[in-house]
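There are structures below to look over.
Two complexes, one shared chain (chain A), two partners (chain B, chain C).
Right, the complex of A and B next:
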């Protein structure tokens, strides 16, 4: 392993959770190769890296835990008390707090990562799903799919300060790097909403209609925005496409055809590439962000769900 | 939540102004809380005759769905300063539903969830005092209630028999299983089911090659093993379509027919609103949450009552109102989109109050498909390829104006039905004349 990692100056490792293989795929995106597959636990979904890239966090939903994995040895360091059926979670910028959505219990569980302790549970709306921490650490936002709300949680007090009613079945949430905007996808309305963090109001709603694709296939899920806020990207589930959105004008630039049931997205550390997990075609797509072109797809295993990338 | 927010604010204030503020905020708090009253009415049922003891009789189908949705609405309500209150009216078997309703219901409750027979639902809807209320029919599948017998104050949550039959027909057309042998029971409901099946067959260009009634008059000493082969002999068909809603003989048919053919309809491959095999589109969350709350699988009636209460919740959260007309207008508008765990957002057909929704096609232990099947097109929404479309609806107009022509038709090659503009145009022209 050490040999492979030190073999190239541009070495980069991509980790993908495989929901139906109970495993983690390790991919070299530069060489375009699946390096290895590691058994990880039951139904792995959400995945995140610590800010120093030393640890990988993986929600193994059916084990009711978030596992902490050493990124060099791939050995399990700890199991965090995530509450039941963890699916999505978010790490704060310092990397010492983990916020987990407990979908069946209408809760957000707050974990002290290094003490490996639950420190709070926050009651939110019905079926919380998407969760994110603002880069300035001022807000934790939780999207509840059946309540159709964004809950604005103060990380200092663990209380909900405000709520924003959004389009039905909000799925994923993502802050811009400057923490001024929150981007939210609605799976049922087929929209992307831009919220102003200061006012907590929707300032723009973008319908992601694709010519020639049935409206019921437009189910936006994962969303990411680049650091300069030039482009935003939205995975549109069963439409098998990633929308490229101008993050200044909010115009949809184009749709990139990727694999089937595209779910989640992650940038390479240098933000030159974007990776998408394609659940039904069992692969990930690599998108070149300078040309906005899909350059490669790599078979990784059954039902790839979450993805992160480490230099 | 509100309390916590207030408390936090109070810590920062001087004690002398605290008292004044305390009273102000608490009165403001109670004034802000909006109450939405919902009534649930049903009648207890006698344990019906059944073919086997495998399926345990569930005495209160529908109640747990109502309660779960009230809890969900209140979870949301804590953020919108709304409170949903449930009044249950459960009428014993031998008592009159309408009498019980009149005695127990408080006048200011305007949202009624009805889990009643067709007859009692109609009586309830026709009560003078209910003309300004909104009734959610959470259990009937009757087509006449959605057509000539429709009521302006009733919304229907479950798919009608016509929607179910169309869902089945779309799938069978896709499989090219176009020759149907229809077997029905003697009960009125079974005949209504057959009516829907015949309508679907005509709509989608199917051929009914056999049509028989199961009369239960066979010699009791003989068994299904010998009866069914004889009963199904002499007809060449692709599928056996059975209409036996109560389940008195339908389960006998599979594996016992003269020639080897699948069974569909009320047994075998069954079109339904909700099924325990359904997991997609967040369905597994719904199944899990319901099981945790009720200790059993969610039944269709629970799905119906759940959606009814959730409709009220969604509309009142979006409009910030508990007013009947405001809620009803919102529900029937294009803005209303209800999460029903079946992919497409659900909405109401304004012309007859039917909730448009996908129909599941399920075998006992496997979800086979979900209708509308891909390729069946419609000019407005593919969900309207199921059941009576606007142009065919007999709701709100005399029967003679209604044609049996459908706006959804198979193309020449019989593969992909498309919206028939000529029929619609002709109808519009007729109206102008």
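Right, the complex of A and C next:
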């Protein structure tokens, strides 16, 4: 494992997984510069940070593992038993459980992070993809792309408690900070659905039509909502745009032009900026959230997939 | 001849031009309508289809209307330069040019004053246009609007000098249509105003070369960089040289003993 030893002096560091380069890009978003690229393993995709920002978790899909990386030294600390072909995963708020979607096996694998052991496998629908843990740690939700379902899993018992049928090909899921709503994107219907956590029902479906852009290009993927629940943001894949949604009225406020095939989104720790990975144009875009303007796009490497930010 | 004389003459010429401009409201409106039609209709049609890749001074992906705005600023100045040359021809036909030319001040000074008058009018138009574009979310950093002013002065005098040069060649008002067809349109379309240079290279290297050496392209690039708070040295030098050449030839052109005036019977 050729990981380069490096300390980070800048105020904020953005990490981006590069699916085709088998690497991790380290970016200083304030200076708008790519600092370095680190070899990480085969086909890195999903990425997450531990709550204390000490560790970085990266799903290296073709290595069939989730790697645990020290965020100061960039050295590999452990390889977690993720099951086959891990793509997306979620960390619980305490940072001791990792829930991994195993798309080919129709499973969610639960890992004890500190013991580095698999503790459960939960059977879910066909092709599980998006996964999230509610901030109050009451729910783990898994979205099955082919079954078109959201599975509500009790993290205490590792069992599915309820299912919600949603629009075709649900991709990403994200809870609001108060754990009362779940936002789900449907890649095929081109919609964003807002689910009420209490009733597990859809309370609003928003069509993300962009005037002048063909409907087949409207493929919503990543979704994030700010802590105050003022704004939500949806990456709309090949439409090369990020939708800005008023999280109170559920109106689409505007669409921001970013690079090609925008995939995933992440906030800066202070939530003043948003980062988007643009898979086909090999860059990330930085969005100023106070003005809702794209300020810069930085070339990072081939097929940027996931993104996280550390103070 | 004291400097006071020079100042009074310049005041008279610039004042007359500004006064004429303010008085002719329809001219002001029509000067604005042209770039606005391009911005609201032409650019809107291409908005979704043309993804403009990142090229300096831009730091991210931009919509087409953002790209063509500096080009339309250049268009305002280009048309203004031609308009003032048109008014020179008109003045000549009406005889007011003769009054101007008998003024006991150097010819170059009178012509420069004419030029400055035209540029002042064009700068006024540009800022009104940019204010409307701002409402349409074509926004540049605020410093850019300050940096733009010197760039506009240089590009304005360059295009104005070109207009003067042309007007020295045009005998009658009717010939102006030829100028439109042979100068303004090729200059505008064969430039970076509507499409970036790299895009042009894709279709024709020859066209790319022509556009690169088109002084209007360099004026537009000077404006584009200035609007985003950056200085494009190459465009600056190119525009400056073009101005010096055009102005020199125009001064010669307006010299009754040497230039085109004699050939045209000293009109």
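In this section, the second predicted complex is superposed on the first by the 301 of 311 C-alpha atoms of A that agree within 3 Å, B and C clash if a C-alpha of one lies under 4 Å from a C-alpha of the other, contacts with A are read in each partner's own complex, and residues count from 1 in each chain.
Here is the rule we use: a contact is a pair of C-beta atoms (placed from the backbone, for glycine too) under 8 Å apart; a residue touches a chain by one contact, two chains touch by 3 or more.
Computed from a predicted model, the values in this text were never measured in an experiment.
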Legend entry - Clash-or-fit label for the pair chain B, chain C on chain A: fit
Legend entry - Touched partner set for A:169, first chain B, second chain C, both or neither: first
Inset, instruction - Determine, under the contact definition given at the top, whether A:14 touches first (chain B), second (chain C), both, or neither. - result: neither
Inset, instruction - For A:240, select first, second, both or neither according to whether it touches chain B, chain C, the two together, or no partner. - result: second
Inset, instruction - Answer with first, second, both or neither: which of chain B and chain C does A:295 touch in the superposed model? - result: second
Inset, instruction - Calculate the angle at chain A, using C-alpha centres, between the directions toward chain B and chain C; round to the nearest 10 degrees. - result: 90
Inset, instruction - Have a look at where A:189 lands relative to chain B and chain C in the superposition and call it first, second, both or neither. - result: first
Legend entry - chain A residues touched by each partner, larger count belonging to chain B or chain C: B
Legend entry - CA minimum distance (chain B, chain C), superposed complexes, angstrom: 11
Inset, instruction - Enumerate the contact residues on chain A facing chain C in the complex. - result: 32, 210-213, 240, 257-260, 281, 285-286, 293-297
Legend entry - Parts of chain C lying in touch with chain A, wherever the complex brings them together: 47-49, 51, 53-54, 59-63, 139
Legend entry - Residue numbers on chain A that touch chain B, as the complex places them: 103-104, 106, 123, 125-127, 144-149, 151, 157, 159-161, 163, 165, 168-169, 188-189, 214, 216, 219
Legend entry - Contact footprint of chain A on chain B as seen in their complex: 1, 4-5, 8, 72, 75-76, 78-80, 282, 285, 288-289, 292, 310, 314, 317-318, 337-339, 343-345, 382
